[in-house]
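What follows is a pair of complexes built around chain A, which joins chain B in one and chain C in the other.
On to the complex of A and B.
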């Protein structure tokens, strides 16, 4: 059991990661030294590389924070990918048409992201609260529905006049989020994400909602008897969880791509599950975990290009980390609102 | 019109088959008390392994068997995690899904030197109908096993009240490990049917959430093999409709129709409120 505790701690996770990455490199015919060099140079070796790492950090941080909120409430939100996509779609679709002063426009884009993602999360929340529909399956199904709807809209009515693929028209340049790190694509979206982390930290530890959320997640029966409205917590936490992921989608649109594209997320919403778990569902640790995974995402591409190690090895390792971390208990009892 | 309906029926059965195998695995695992969220990944690895082995040996049948074995191995891993280490089954299952999707993508690049899809390999061809029929036979057999044999009674006891089973001298953990391993084997077979039955290659994302649709079918079928199979046929119908309707409804774009099977699963989940009960110890470590 001592071994198990060591392995599930942060140091154990890093050790495991290094060992497995080395194995993946050796199997691909590259020495770990070359592989790791390629990975770290690709992730941190210059301004534009660091910028890409932080772009990935930002893109992972939003959905990871949303996932942490839902998990704390005893709800497994596996739909961050779809929520992020719908948030981005709302921002991209309206953003390509609107005419407003720059700062107001930017704020509106992020708000649209929150509304889109929030609605998408709320569907699963409502289904859970009203019909006790298993949220693991519903949030996952909604990912596929989101992908199909956005593809249909963006290849048809919302397709930009000059777009070659499934993309909207460009956003007006006045709405592009300002660059944070000159010489890179990094926008101030990172600061927005960090602000969300601080707000969530406060929300979890200092507010009534945070208390009710934790109570519902850890002891739903006791929470119900204490007068907490579990149905309200259920739909609200999934809606908020989706809204945060949706803002993330909007920052990708407004910050880096400057238009909506159906390929804008290479699975950020799924990697974010690993980020949230490694960060122990605590916002500030999640920031650190997101940076770590940002290095892997950005460095993985470089590692694939210069050391011929398929970047998908990183997803295998993320999965193994999740499997090992599953030995920690996140959710003791699952919410069953219909049992009331 | 008659030909259209016939082709819709045939397509429905074909599309239902991989989901049935996975859903039977889901029923077995959940009746024993372990939620198998990893079905999706086990299908993916089953599909991938089947293609690799068929590519190497030129024997599609060996490929199918290897797909079953690969699924069983992953089921065993989840089973050990759930019994020996008493992990959070949902989290562990999600980990398995990521490992499988990533592992197959990694393997594709290493073996075929190209991302996205494998080369075409020897497949079952017109013999795949045997696997379609076998899915329904398997459902009947599992129904019989669970309801009419001592082994089935033990599996069900394991999911309802493992402590009672233990006091009768049977190790619930061993029962669960066996059930989850078999569950993985069935999911692996479902995946192998996708890659070597319907098609003759593996491509990334080809399972497309079928493992999760299968879980919805388990719930919709009230944790009974025959009920889950019926649900899979309904979901298969919606998947088949998508192909048959394409181009026939002008105002509905083909891309939007891809959402049909997932919407069907969503409505199914919402439509059975309050009328289902999971095994009492489903998902609870013993």
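On to the complex of A and C.
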């Protein structure tokens, strides 16, 4: 029983993860020691490496926090990728045209990201509240709509005059988010993300809205009988969830790329689901989980270069993490003693 | 009547993390006996019967049965959309090649039903049948396996008085043909009336074994609680004044529809709604709680009164099980001015309220921060009732407020409801336990098929007449 508890706890999950990664490295023909060395040196071995890790951390943290908000309300938002993309598109499209003082411009870019992502989340929320459309399907499908719309817009009307691919024009330098870590690409977007985590923690634990949101997620019928307007919670939480992911998209535009590009997310919105779950849907733990996944994302490239482990192995591992988590949840429910 | 042992349990022990559910229990069932197993909630009855059935493996001890063991669950485990014969023979269907031999199956179920004196149509869809008939299906399914031992878990919880008598006639027939029967129940009148022997469990042990011929309800109840019975607070004089008025209420659909129901609840009285489950009580409660649409009027004398609602399903409708007592103490009250300050909740106030509920209702919990899921049913219900009464409501709706909780907790809950009434609250008590209504109510209204079919003043209650009305019989 005790061993079982340990294996199903977080330590067990990490242990299992290390074993699985070792296995993947052996399959790829590298010794696990070389593989892990390459991974950690590549992720944390210098300023620019650490910077890249934290850039990935930031990019994962926003959608993960948004996903956590929806999940806590009992809504499976699988659409953070699309919400992030639309947020980035709003910021990129308007940012390339605007003429404002720097700080106000930066704030406006983030706000535009929130509006874009929020709108995208609200569509699924409205469909759920109005027609009881399954949000897993609608948010997932809206990802494809978001990708297609943004590709169509930046291939045509929003395409930058000098752009070669599907990109908007450059943002004016005054709107570039200041660098946080000199010698790296890391912007103050990370601080914004951490601030969001703190606000979300406060929202969950202290506010009436957070209380009603959690009640709706944990016990919908009890929540309804407690006078909570479930429909309002539904569309509002998906809108807020999308808004947070959208701000993430805007920070990628304003912080790193300095213009919108349809390839700006290599699936952050999907990996963020695992980040949110590993972080147990608790904002502060999610920060830690995002850093862990940031190491995998950034270190994976270095691992590929120096240890000849393909970067796809990292994606295999991220997939395995989700499986391990799902299994862990299943195992822990099974061993819980029957009540009464 | 007692000859060979049909079921022998020796030195049974079973513990779950933090609690010993069954502690060194020996129990022997003779073929042909009807043995009652009684005890308060959490005494270990359910665990013991699950062990006897083979569903739970004991940590220590042995289980020996003379043949198969059948179990009829309190909450039926039937497939509602399938036919009666499909449910009865599920997993054991007679086959012809790779297909089910439907004719043989129907004949087998019909023959089984006749042999046991249970009238049933093998082709009826189970979910369309009344509760009492559904139970026959559950019983037939077990009987098809010709069990040497039959365990019945709270078999009469959902039955009307007339159905209960018919049910026990069947059970006695089975026993006469040699099946050993064990009934897990908390209805002591039925124990005295129908069982031959009774074993009383408390804290995981069997603390008394009695022949029902030479004992009394009182003696069994005292053994269950380990001392004298808690008494309910006394009724004081009150000055009735109008509080809630329901006129021409129409709500719900199907079997539980309410057609033109009117009733009044006065301040300072408990109005008891007696009736068998499934006669529209849930529709009435949901309409009053404004959880479903309705036509007609539900009005309070002073506009919008403060209401306290005790829903019938505490797990699903009243509590957030993974949350602490503190968080649950403000559920449904989170928008009240004393809890909500702008965007935020007054956490200190929530804690004070939780402490008040814990003190006033004697909630047994290690701290206010433990998840309510870890508490016993009785303690969970105390929180639900405590929360409903904490703001001194003018109207209280209590739907089965003591269902499935132990005697001590039930007496406490009933006392607090009586005190609320004495303090001037109007209390509408909907209960499937007639005894509870007879104990608490100032007036009794009998509900049958969505209508009030009779009302009685406390002074001239006629238990027999109420029972007949509950069963739909008219004088």
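As a convention for this text, the second predicted complex is superposed on the first by the 319 of 340 C-alpha atoms of A that agree within 3 Å, B and C clash if a C-alpha of one lies under 4 Å from a C-alpha of the other, contacts with A are read in each partner's own complex, and residues count from 1 in each chain.
Here is the rule we go by: contacts are C-beta pairs under 8 Å (C-beta built on N, C-alpha and C of every residue); 3 or more make two chains touch, one makes a residue touch a chain.
Just so you know, these numbers come straight off a predicted model, no measurement behind them.
Looking at A:227 after the superposition, I want to know if it touches chain B, chain C, both of them or none. Which is it: first, second, both, neither?
second
Using the touch definition from the top, say if A:131 reaches chain B (first), chain C (second), both or neither.
The first partner, chain B, only.
In the overlaid three-chain picture, which partner chain does A:285 touch, first (chain B) or second (chain C), both, or neither?
Neither chain B nor chain C is touched by A:285.
After superposition on the shared chain, which partner residues are touched by A:211: those of chain B (first), chain C (second), both, or neither?
After superposing on A, A:211 lies in contact with chain C but is clear of chain B.
Can A:219 be said to touch chain B (first), chain C (second), both, or neither?
The answer is second: A:219 touches chain C but not chain B.
Would you check which partner chain A:40 touches, where first means chain B only, second means chain C only, and both and neither mean what they say?
A:40 sits against neither chain B nor chain C.
Check the residue A:314 against both partner chains and state whether it touches chain B (first), chain C (second), both, or neither.
first
Share the list of chain A residues that count as touching for chain B in one structure and for chain C in the other.
Overlap of chain B and chain C footprints on chain A: residues 338.
Spell out the part of chain C that touches chain A in their complex, as residue ranges.
Contacts found on chain C: 16-17, 41-42, 46, 289, 291, 309, 311, 316-323, 327, 330-332, 334-335, 340, 343-345, 347, 373, 376-377.
Could you pull out which chain A residues touch chain B in their complex?
Residue list for chain A touching chain B: 4, 24, 27-28, 76, 78, 127, 130-134, 136-138, 140-145, 147-149, 151-152, 155-156, 270, 273-274, 277, 310, 312-331, 334, 338.
Note which residues of chain B are touching chain A in the complex, please.
37, 77, 81, 85-92, 94-103, 105-106, 108-110, 115, 208-209, 212-213, 215-216, 219, 253-259, 262-263, 265-266, 269-274, 283
Which chain A residues qualify as touching chain C in the complex?
Contacts found on chain A: 1, 206-209, 211-212, 214-215, 218-219, 221-227, 337-340.
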